[in-house]
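Each of the next two complexes has chain A plus one more chain, namely chain B in the first and chain C in the second.
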Partner chain A sequence: MTNRSVPTTGDLVAGALKGRRLDVGGFVLVVGLLLALLISMIVLVTLIADMIQQGLPVLAERGWAFVSTPLSPDAHDAGIVQGIMGSLGLMLFVVVIAFPVGVASAIYLEEYAPDTRLTRFIVANVRNLAGVPSIVYGLLGLAIFVKLLGGITGGRTLISGGLTLAILVLPIMIITASEALRAVPMAIREAAFGVGATRWEVIRYQVLPVATPAILTGTVLTIARAFGESAPLLLSGAVLSLFFASPSGATLWDFVAHEKYTALPIIVFNWARQPQKEFVALTAAAIVVLLAILLLVNATAIVLRDRFERRT
Partner chain B sequence: MNRIDAQPTSGASDTDRPLVFDVQGLNVFYGDFHAVRDVELPVRQNEITALIGPSGCGKSTVLRSLNRMNDLIPDARVEGQVAYHGVDLYGPEVDPVQVRRHIGMVFQKPNPFPKSIYDNVAFGPKIAGVRSGLDDVVEDSLKRAALWDEVKGKLSESAYALSGGQQQRLCIARAIATRPDVILMDEPASALDPIATLRIEELMFELKEDYTIVVVTHNMQQAARVSDRTAFFTVEVGEDGTRTGVLVEFGDTSTMFTNPSRKETEDYITGRFG
Partner chain C sequence: MTTTTPDLTGDPARHRKERRVKMVMLAAGVLTIVVSIAIVLSLLSEAISFLTQIDLGQLWAKGWFPRRGRFDLRTIIVHTLLVTAVAMVVAVPLGMGAATYLSEYAPRTVRRVLKPLLEVLAGIPSVVLGFFALTWITPNVMRRIWEDTELFNMGAAGIAVGILIVPLIASVAEDAMRAVPDALREASYGLGARRRHTTLRVVLPAAISGITAGFILGASRAVGETMIVAIAAGASGGSLLTFKITEGGQTMTGAMASLAIGSDQIAGVGAAFQSLFFVGLLLFVFTLILNVASERVIRRFRERY
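== the complex of A and B ==
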């Protein structure tokens, strides 16, 4: 080109800004990330679809009766009412024991404990405990609650199972509550101390109200975790086949402290092992009920959190 | 609260008001870190004492040692004497909780509780055991903090709905509500716009009729405008690179700003350093 004109500032800026390069690396990365996500989604969707497809006929045919009738060796009559009762009873233990003990431990660790090597050691080990396989807690439950304390718990009862599950989720409870407390801004604590509050008054009136939504959400999710556990219950005394309904006249205390018990995941485990073809559909139906309850629990957690957050 | 009138120190001019704080040889450590060294600071009743100086000079640390807020920091250690109306605040029988009821505090960033305006102000008196007349305490405190007219119709609304300047005045009302005789302010206007800052400064002027105020500020003009006395701190860098806050000069604000006796002070207030 002979007629070389002097480029204007506009031309230079346009040249610098417009040259779009193909970002191959970035593209590959995004596709990879999306694939990773897809794998887990596909597995989940397949699982749920498969269960619903197999279990739906049973649920459609039996309806509410499937949920409200007791276990039976006869696949046409078998229901899961003892499993639901057992699981609800276990959850009650988890809430009553793990919630107060977990929150109290978290309050101590976050608000009172001096930052010493011992404290850090304890915190690290609480995190380790949360990662211990649940079967190990089952063995612990068998050794302590069924055998050692059998006189108090009644051996293989709901009490033993409930205590085992409570111990199992306690570390998770402590961690979630600790994180909820740690998320409360330091400025709020300083403000409360500044007007002459004692440490407990600061916690009771300012820190806990702010941390409550997160603690409750964590608690509900922890319960959901316990709800799905089967291995520790198998060891600490849940029975696989519970064919007899409680004798009439049995009190709630009998149900808790003397009766054999089972739980929903145990029923799933047991039915899945049965050779008869009918039990395949029953297993799927029980899983659908289990998933539905878990979904309900998680939804409760979300509603709770939203309600509390809107209040402040 | 009964005010205990301290005797004027000997040799003081007769215009000097009674001493509220008499800080002698104050040293504050955070672990191995020597934050503040050998501070001498008299604070007089119904005056505004300003603590100024560059970042890291320990002015906030000194302020926080006046109502034992440093106790909340793990590893913090205070040496020397902080006499409050003649009582050593770090004496073995002194309860820091009671100290903070007499010596209120306003923080750098407005930090209202995530509660209603009413509950923010009522919290201090409530935990102090006040059961009756809470409404009057809340109203009176909000009036003194020059916030009443803006919030009187919406006391049950969240404090977070207020503007930053209003929140800071709410924090001042909250500090007043426990009926303290000293209010410590840690850069109370640094997070506010100029108009809100002006309101806080006017408020400080009104409040010193009834309270003794110690204010930390990095704003020279603010110190010059509002304070009666000024303490100028600076950072001393040791041979091993450690940084320790020291008090350079203390005196009447008018004197400090027109005729400082130390070169460092002059450099700082004229903007040549810091």
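== the complex of A and C ==
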């Protein structure tokens, strides 16, 4: 006598093999996951649309003058040229200091360094430095470049800010350059060693040419990051007032070593703190310019890398 | 013809150049250690001189008002944790969802479009997100939920910080899931598991160490984020301890930023100025612990395939 409510093994297998046609749970999961991704995208679109909507009136009314006039306490005259010049100056320091030092460190760590305690310590240290909050680098800049070395850097000048930003991005430079070097196939090095090249010759003529596109893409992305960075500059001396005079006729050296400076993200921050309504639109307009520069730079780097990845 | 030793050792000039190049590269590597030492020393010296100047009871006073000699650490630490918690509530589901979709479900073409867009989101500067939090998130999100939300509030700042770390969490988690070998997925399908079971019960557990490390890194970034809280969380000058995210409050980074903005302190010496370095030291230690923890998690629980 069989109890019909207890299915046989055969029934179970047949049931499992047939399954439900529609996997409702799976469908819900996919929709949920896609939703998470789409929400992030919607936030991005909303942010950009909101900034354009708020900032466009200013940009339309002022046109090029907004980008080419200096700061002013009067919202109707205020422009961002000092911020753009300052940011470009800061990037010069980043490129001139962080790029060569970063690539050299990466070459040492990837190509030369024996597996010693010192090496492992440097690697761990670089990773930790990359995780230090940017405002802490600002404290470093304030204590060392503005105060301790104030006699050389001139205190609150582009030199102090530029050095601070260069040190901030150095660990990121090292990590990206290291990854680029690691991606170069070992066979290339072995072949070069096999025909009698010294280590430096192998690096200079075989490894670096292969790694260059990836290193450059990483560098561009790093510079874009530095361009939008403002917390360290708050501490290392960027000017926070609503306006300051940049004397005409100042030489480039004066501009770098003696004059007050500011940067585009600092202007955004400063205007964002102003309660008057005109400054809200002004802030949005400055953000539109900042985002336009950054998106352009980032997109270039991403397209470059995409191309490079598809080729290899 | 015989081969002599000089032939094999090669040109001495080449060797000298080789050594010189190596020394230059080594110097660049060692410079990073110098940077670390400089950070620790500059923080420590001012922080110690801060501690010697004040009465230790001032670290437990009512509220954080550096200009009035009240340096209550509970206030800024609790506020930091609040903002970080809100950020994680936003970023973990969004980041994990995005990562899981990109790694397990997205067709190649979709992935190629969406992944760069996430990177664009990662490239938005934090000042911009701060302004967005103040002018968009507060009226359109916070005030829809809690009508009496203050203009400057920690909730909006937390949401914006969350948006900031979504790409970080997503990219670390996605890397971890893509590193799970396909053989595991195929074995799961072979046993008759559906895709969702494979994703949730095979891939996620296998990638859990990398995912956890991503969460910790995200939290570390949230703790150290400055500009968003400086713009949107408000309370420049000081704040009392509050547990409400609808109110303004200073976080550790917010307190540092507002000390930096106050032009009288930044130039001078004195306890308020030096508290900047003390808070900086705390922040440095917190984030260092989190970063080291994330590496430990990876090393300890990584499955080797």
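Definition applied: the second predicted complex is superposed on the first by the 268 of 312 C-alpha atoms of A that agree within 3 Å, B and C clash if a C-alpha of one lies under 4 Å from a C-alpha of the other, contacts with A are read in each partner's own complex, and residues count from 1 in each chain.
Throughout what follows, a residue touches a chain if its C-beta (ideal position, glycine included) is under 8 Å from a C-beta of that chain, and two chains touch if they have at least 3 such contacts.
Here the structure is a predicted model, which is why all the values come from computation and not from measurement.
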| item | value |
| --- | --- |
| First (chain B), second (chain C), both or neither touched by A:174 | second |
| Contacts of A:188 with chain B and chain C, given as first, second, both or neither | first |
| Partner chain in contact with A:149 - chain B first, chain C second, else both or neither | neither |
| Touching partner for A:198 - first (chain B), second (chain C), both, neither | both |
| Per-residue touch tally on chain A - higher for chain B or for chain C | C |
| Partner chain in contact with A:272 - chain B first, chain C second, else both or neither | second |
| First, second, both or neither for A:128, with chain B first and chain C second | second |
| First (chain B), second (chain C), both or neither touched by A:115 | first |
| First (chain B), second (chain C), both or neither touched by A:34 | second |
| Shared contact residues on chain A - chain B and chain C | 196, 198 |
| Chain A to chain B touching residues, read off their complex | 114-115, 185, 187-198, 201, 205-206, 209-210, 312 |
| Chain A partner contacts - residues on chain B that touch it in the complex | 67, 69, 72, 74, 97-101, 104-105, 107, 109, 111-115, 123-124, 127-128, 158, 160, 171, 174-175, 177-178 |
| Complex contacts: residues of chain A adjacent to chain C | 16-17, 23, 25-26, 29-30, 32-37, 39-41, 43-44, 46-47, 50-51, 54, 100-102, 104-105, 107-109, 111-113, 121-122, 124-129, 131-140, 142-144, 167, 170-171, 174, 196, 198-200, 221, 224-225, 227-231, 234-235, 240, 265, 268-269, 272-273, 280, 283-284, 287, 290-291, 294-295, 298-299, 302, 306 |
| Complex interface listing, chain C residues touching chain A | 10, 14-15, 17-18, 21-22, 24-33, 35-36, 38-39, 42-43, 45-46, 93-98, 100-102, 105, 112, 114, 116-121, 123-132, 134-136, 163, 166-167, 170, 192, 194-196, 199-200, 217, 220-221, 223-227, 230-231, 253, 256-257, 260-261, 263, 266, 276-277, 280, 283-284, 287-288, 290-292, 295 |
